[in-house]
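Labels run A, B, C and D following the written order; every chain starts at residue 1.
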Amino acid sequence: MVKFVTDIWDTFSTVFKGMGITARYMRKKPVTQQFPEERWALPDRFRGFVHNDVPRCTSCTLCAKACPVDCIYIEMEGKGKDRRMTRFAIDYNKCIWCSLCTEPCPTNCITMSHDYDHSVYLREKLVYEFVGDPVIPFKPKKAAREEEAEA
Amino acid sequence: MHQQFATVFVFMLLGLAFLFVSQIASKLLRPKNPYAAKQQSYECGEEPEGSPWIQFNVRFYLIALFFIVFDVEIIFMLPWAVVFNEMLGTVGPLAFWEMFTFVCVLLVGLAYVWLKGDLDWVKTIIARDDDELVNRGLSRYSSGDKLGKPGLGASEYV
Amino acid sequence: MHETLSNLPLLSGLPAQVLVVLAMVSAGGIILGCIAVGGMFFIWSERKVAGYIQSRYGPMYVGGWHGVLQSLADGVKLLLKEDIWPEKADKPLWRMAPLLVFLGAFLSFVVLPFGPNFVGANLDIGLFYVMATSSLVVMGVISAGWGSNNKWALYGALRGAAQVISYEIPLGLALLPVVMSTGSLNLGTIIQAQAGWIHNWHLLNPLFFVSFWIYVISSLAEVNRVPFDLPETESELVSGYHTEYTGMKFAFFFLGEYADMFVVSAIGVTVFLGGWYSGIPALDVPALFPLIFILKSFFLVFVQIWLRWTLPRLRVDQLMYVCWKVFIPIALANLLLYGVIRTVLS
Amino acid sequence: MTDVRPHQDIATPAGDIAKPIKSELLHINMGPQHPSTHGVLRLFITTDGEMVTKVVPYLGYLHRCAEKIAEGNTYHQYIIYTDRMDYLAAMNCNWTYCLAVENTLRSLGVEVEIPEYAEYVRVIIGELNRIASHLIAFGTYGLDIGAMTPFFHALREREAILNIFEKVCGARLMYSYYDVGGVKWDIPDDAMDEIKLFIDLFPAKLDEYNELLTGNKIFVERTANVGVLDAATCIDYGCTGPVLRGSGVKHDLRKDDPYSIYDRFDFDIPVGTGTVGTVGDCWDRYHVRMLEMYESWRIIQQAVDRIPPRGEVMAKMPKNLKVPPGQGYYRAENPKGEMGFYIISDGGTVPFRCKTRSPAFHNLHIIEHVGKGQMISDLCATIGSLDLVLGEIDR
């Protein structure tokens, strides 16, 4: 009988306690953001869509090798002086934003950008081609490299 | 008074009209593209195992019986409650004691089923002839046996 | 009401019978509109209250200010939704269920006294009538659950049946002391007994205090709200009895549920919270009566919403325990105690 | 082993034996698309009315061959796959894997000297992620019981942690932050400030959770005495983590087999005590998690106080990491329990075999044992209290 009464008391008291908390929150300002209008200030290290700065790309394929999901496609033509990069594509269907590709890059041309909302209707459109006409891969100058080493 | 009930009837007709009109409107506007997978009964994304139309174990079927008893009681008590004030004036305390007796008889019934345990959910899996749980009851909070057959295919159950 | 209509210049020439029918139909139309608009308002407010309790905004875009028209947009969406029916369903039962649920809630509105003259049908057995129509809902729930040929729906329906019929008893017993006091089942008469200052409200009468709590909690169970939302426990039974419903059929379940919330709140206001009286005699002018009544009912609806976003839910055996071993004995004891006190006092 | 109960157990309170009611069993697929199976777990349940007579878990709906993938990826590359195991505690999975590689290297004679600063960073971030994971466990458990608000409140605090992680490593869910030999980046100053702010604010939130859910009478009634697991059964099934500790076994690798620098911190191991019911019931398992959040908070506080000045975060490691032929196993205490990686190397840059011992996989299978004879609602409560993550179960 005592338990019967204390149970009822417990129920009411804890329910009112909980209602007190929720009532407190009803008066507080929400913490969420209205996404398209308000946007989050992205931190410096934010790992958004991978971006390749083609003019600085040496087409060394280190990034493609580092990629654990093989989402970077690099194609080349010719040899020596005639070497042309015909394709540098990133398949964002596969990309997992791990930033492993940025680590071995000798010229830091492949970076994690701050873009994150590239929604498209077709999956094919998520394969981003960075190279249109074949380009001559970037050759870092020796002097520039030395400067970098000194710095 | 009849007019009041007529109002209720008109309301019912109106409600039904509203329901049918909106259903028909919806029928005219909505797309229609049924196919077999869509029309399957939902069972968490899997093919339904057997029919749900079985002899379902409603543990609380006894409650239904008590409910009828108690609901009838309320129906008896409503007219009494309405005239309770007048009766206090005319017959005095008898107005109360009559109903008191009636309620007490029912309370005895409630006490009986309570003590007998019929108000408790029967917390057992009852021994069944057609199952591996033959002659064995498992209490609700017990952990049962450890020798469940692992990895049976779903087909073996139906 | 038909007297008012007969004063209108356009309708003055019509015979009395036609006017009466016209009055009925227009009253019904008004209430139907109120249910639709009110239901949408409740759904919107539920989402907003839930949002703010959970530190978020809830709907914000449709209709400008704080997404007031979100429910309307949802209604239009549901109207345009494809109707998916389970192939193996028991079609007549399955189709009938949402109608029953909605009708059960809708019919209760007839007797709700928004004011001394703002009532669809001033039935002498008003309270009894509401109890009767609100059990129509359970018919809908059962036929939905059995008809959809879905196991989760079946569970929801059987739980709903056990719950709703069980909680009708404490609900009825909680109302009895008030009926004994006022000597009438007419909702208007019950309200008139609470006229005057606020202490005349039955809630503030110590004799009815327990009744009020039992009524409020049982009414939560009657309309399947948290913590008693076992028929549609979304975490256990997916969606309970309306798992298989889409589009307009689902909308009727939804609308019915919210209309039902208003009905039980309105009955609570009628019986315990002074109905259309504001508690201050100076404010009791007939023009304000419907407003006061609706505001009070909204408050009780708000409490239901508030509870929903605070509490976990009970298990089905605990639900039954609470009903049969807590509420019914207490309600009976309360009833008898009230009888004893009245008898002794007389 | 067959456990035939005496008749008192199945009797009604008055002592009568329950009489058979003629009814049929219902077979239901609970999952893969079910709100309370925490992902794509499929439980094939047989019920007799509301009572569950049999539960058989079926796995594999989220199987991604992670272990096979490991054999084709270098040791560095596989780190990102460990993110996707326990995605609610990806940092801890990273950490465990890196520990496993480092210790395999050590046991095979390659010296790996992890900088002191990196160890502190690892502990702070790992414990923050433990809190984040337990917050999800707390929130979803509220959902399973029917309370929706705690979930959103828990997510709100988790967001604060994710913001810290985003500042630290740039991602909010799949971090791949730990690396073999240290961590990839140090903690920037603004993130450190946020960690300090979080330390200040978190205990008040914890109290609020306790008031809102833990103490609630309905919640207690729903979880106390439900899904009771005794210590012996837990050990038999290989349960670890809060599930094992909830049954009263004081086993935590951070204390029992200290890795990293856990021996330097002062913290307790909460165990289930049966405060409101039996030892090892759902409430105990849930409460152990709540207490663990507090203990993690203590560890973070101490680590933030004692963290050395910023220095190297990576050990000197070769660019192409090769592990000498041999094998090694290392385990660590993850939020869900004891996670371990067993690495066999043939001397190349990729592991020959990398087996994962994932805690939730072992915790899950006890459901077959404990689910019997429960009600459907209790089954949901029990699943929730096990805190399953399907990404890790199926891998």
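One rule holds in what follows: contacts are C-beta pairs under 8 Å (C-beta built on N, C-alpha and C of every residue); 3 or more make two chains touch, one makes a residue touch a chain.
Small disclaimer: the values here were computed from a predicted structure and weren't measured.
**Q** Any chance you could check whether B-C or A-D wins on number of contacting C-beta pairs?
**A** Spelling it out, more C-beta pairs touch across B-C than across the other pair.
**Q** Between chain B and chain C, what's the gap in Å when you average each chain's C-alpha atoms?
**A** Chain centroid spacing, chain B to chain C, equals 19 Å.
**Q** Rounded to a whole Å, what is the gap between the Cα centroids of chain A and chain D?
**A** So the centroids are 26 Å from each other.
**Q** When the C-alpha atoms of chain A and chain C are each averaged to a single point, how far apart are the two points in Å?
**A** Result: the chain centres lie 51 Å from each other.
**Q** Distance-wise, how many Å sit between the C-alpha centres of chain C and chain D, to the nearest whole number?
**A** Chain centroid spacing, chain C to chain D, equals 44 Å.
**Q** Could you tell me which residues belong to chain B and also touch two or more other chains?
**A** 43-44, 48, 52, 56, 58, 120-121, 123
**Q** Would you mind listing the residues of chain D that make contact with two or more other chains?
**A** 26, 28, 34, 50, 149, 153, 156, 212-213, 216, 218, 375, 378
**Q** Provide the list of chain C residues touching at least two other chains, using ranges where the numbers run on.
**A** In chain C, the residues touching two or more other chains are 53-56, 151-152, 238, 309-311, 316-317.
**Q** Pairs of chains that touch, anyone?
**A** The complete list of chain pairs in contact reads A-C, A-D, B-C, B-D, C-D.
**Q** Under the touch definition given earlier, write down the residues of chain C that touch chain D in their complex.
**A** Of all residues in chain C, those touching chain D are 50, 53-56, 151-152, 155, 226-227, 229, 233-238, 309-318.
**Q** State the interface residues of chain D toward chain C in the complex, per the touch definition above.
**A** Against chain C, the touching part of chain D is residues 26, 28, 34-36, 50, 142-149, 152-153, 156, 212-213, 216, 218-219, 221-222, 375-378, 380.
**Q** Help me check something: in the complex, which residues belonging to chain C touch chain B?
**A** 20-21, 24-25, 27-29, 31-32, 79-89, 98-99, 102-103, 106-107, 109-110, 120-124, 128-129, 146, 148-154, 158, 162, 165-166, 168-169, 172-173, 176-177, 179-181, 183-185, 238, 243-244, 247-248, 252, 316-317, 320-321, 324-325, 328-329, 332, 335-336, 339-340, 342-343, 346
**Q** Provide the residue numbers of chain B that touch chain C in the complex, in ascending order.
**A** For this pair, the touching residues of chain B are 1, 3-8, 10-12, 14-16, 18-19, 22-23, 25-27, 29-34, 36, 38-44, 48, 51-53, 56, 58, 60, 63-64, 66-67, 70-71, 74, 77-78, 81-86, 88-89, 92-93, 95-97, 99-100, 103, 107, 110, 114, 119-121, 123.
**Q** In their shared complex, at which residues does chain C touch chain A?
**A** Within the complex, chain C contacts chain A at residues 49, 51-57, 60, 306-307, 309-311, 326.
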